[in-house]
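Take a look at the structure set out below.
To keep things simple, chains are lettered A, B and C as they appear, and every chain counts its residues starting from 1.
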Amino acid sequence: MIKEITIQTKKRNELVDITSHVKEFAKSIEEGTITIYCPHTTAGITINENADPTVKEDILRKLSELIPKNDNYKHMEGNSDSHIKATLTGSSATIIVQDGKPLLGTWQGILFCEYDGPRTRKIIIQTRKWKSHTS
Amino acid sequence: MIKEITIQTKKRNELVDITSHVKEFAKSIEEGTITIYCPHTTAGITINENADPTVKEDILRKLSELIPKNDNYKHMEGNSDSHIKATLTGSSATIIVQDGKPLLGTWQGILFCEYDGPRTRKIIIQTRKWKSHTS
Amino acid sequence: MIKEITIQTKKRNELVDITSHVKEFAKSIEEGTITIYCPHTTAGITINENADPTVKEDILRKLSELIPKNDNYKHMEGNSDSHIKATLTGSSATIIVQDGKPLLGTWQGILFCEYDGPRTRKIIIQTRKWKSHTS
């Protein structure tokens, strides 16, 4: 099953928690896999801590220090930094599902990584069941 | 189904578009997943913009600035930078397929990342159908 | 099939070879896919050279140079660097299996990336068979 979700980002660089969407999709799956895919070239998907918001701030600040917005880039749209961050982050995450729940660690959340916002973005989620709940 | 494709890279650092191969494999799939896997330790797979070639140049230049070729590495083969870039890029991409087409975003292309070329390289592509086209 | 393996890391930053575990799981699969998933937010999974140990040392040293342990981070647990490295590395690897063997390149090993050890860690491995060995 393939579904699309839309999210509205609010800043140029922002990590948006999308875990609740994935948990919803996992409910009907006894055993399976979920792919979360980002169809944008200036954004990505990562899995990281979602409890303390300072972790997200540190990730975004350090990435922007390593890959500054302005740095004699050839691409004329002013978002080469966003493209580079997208490649370093990756465009998808794969999640294992068991008994209707994604097997995330205690502190893990699934984060949409906006690197050239604010924008309206979409995420594609594919669920694959090896076994279905019949209850 | 598993297939191998061979590509010849021309430079030490180069992003080679392999999207057309993946589109070809997707044609027979109504709904499924494609894994594109790089079996090399000094290369990787990424998904990024394929329209304006300056994006690729900016990605490669910035990566080489962050991870220079020569930097007191212990590994004696002169390609530690390539190995490090491979880990940051990742060795595979997962693509969702629907109605015979990979669900790539408008600007997305699938790129083989050569970090220690020129070389003859191979890529392994696995297609998994949940539904097949019967037409 | 989903299995968990436990590993004990020994250093703060360490790349631990877990290839033999994945090879064991692959044996019963004629054609399939294996997902290796890290449920921790200060660790990751990568695929890189496992022959010459200096490659691992160079990867870890360079990552720590780019993302130092102390760098005015806001997160108070002293491991923001570990979280940032986790996002750059990625939390899972996808491996293609054919004839009971993971299709790894000659020099490729599957490495658990510890960035905030030493700790007792777990890895979740999911095998999915498209065809099973019947011998």
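Heads up, the rule we're going with is that a residue touches a chain if its C-beta (ideal position, glycine included) is under 8 Å from a C-beta of that chain, and two chains touch if they have at least 3 such contacts.
Not measured: the values here are computed from a predicted model.
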Graph class of chain-chain contacts, one of line, ring, star, complete, other: complete
Residue-number overlap at the subunit A/subunit C interface, same or different (half cut): different
Centre-of-Cα separation between subunit C and subunit A, whole angstrom: 20
Junction residues of subunit C - those touching two or more other chains: 66, 88, 90, 94
Complex contact set, residues of subunit B against subunit C: 2, 35, 37-41, 66-67, 71, 73-77, 80, 83-84, 86-88, 90-92, 94, 124, 126, 128
Residue ranges of subunit C in contact with subunit B within the complex: 31, 33, 46-49, 52, 54-55, 57-59, 62-63, 66, 88-90, 93-96, 98, 103-108, 130
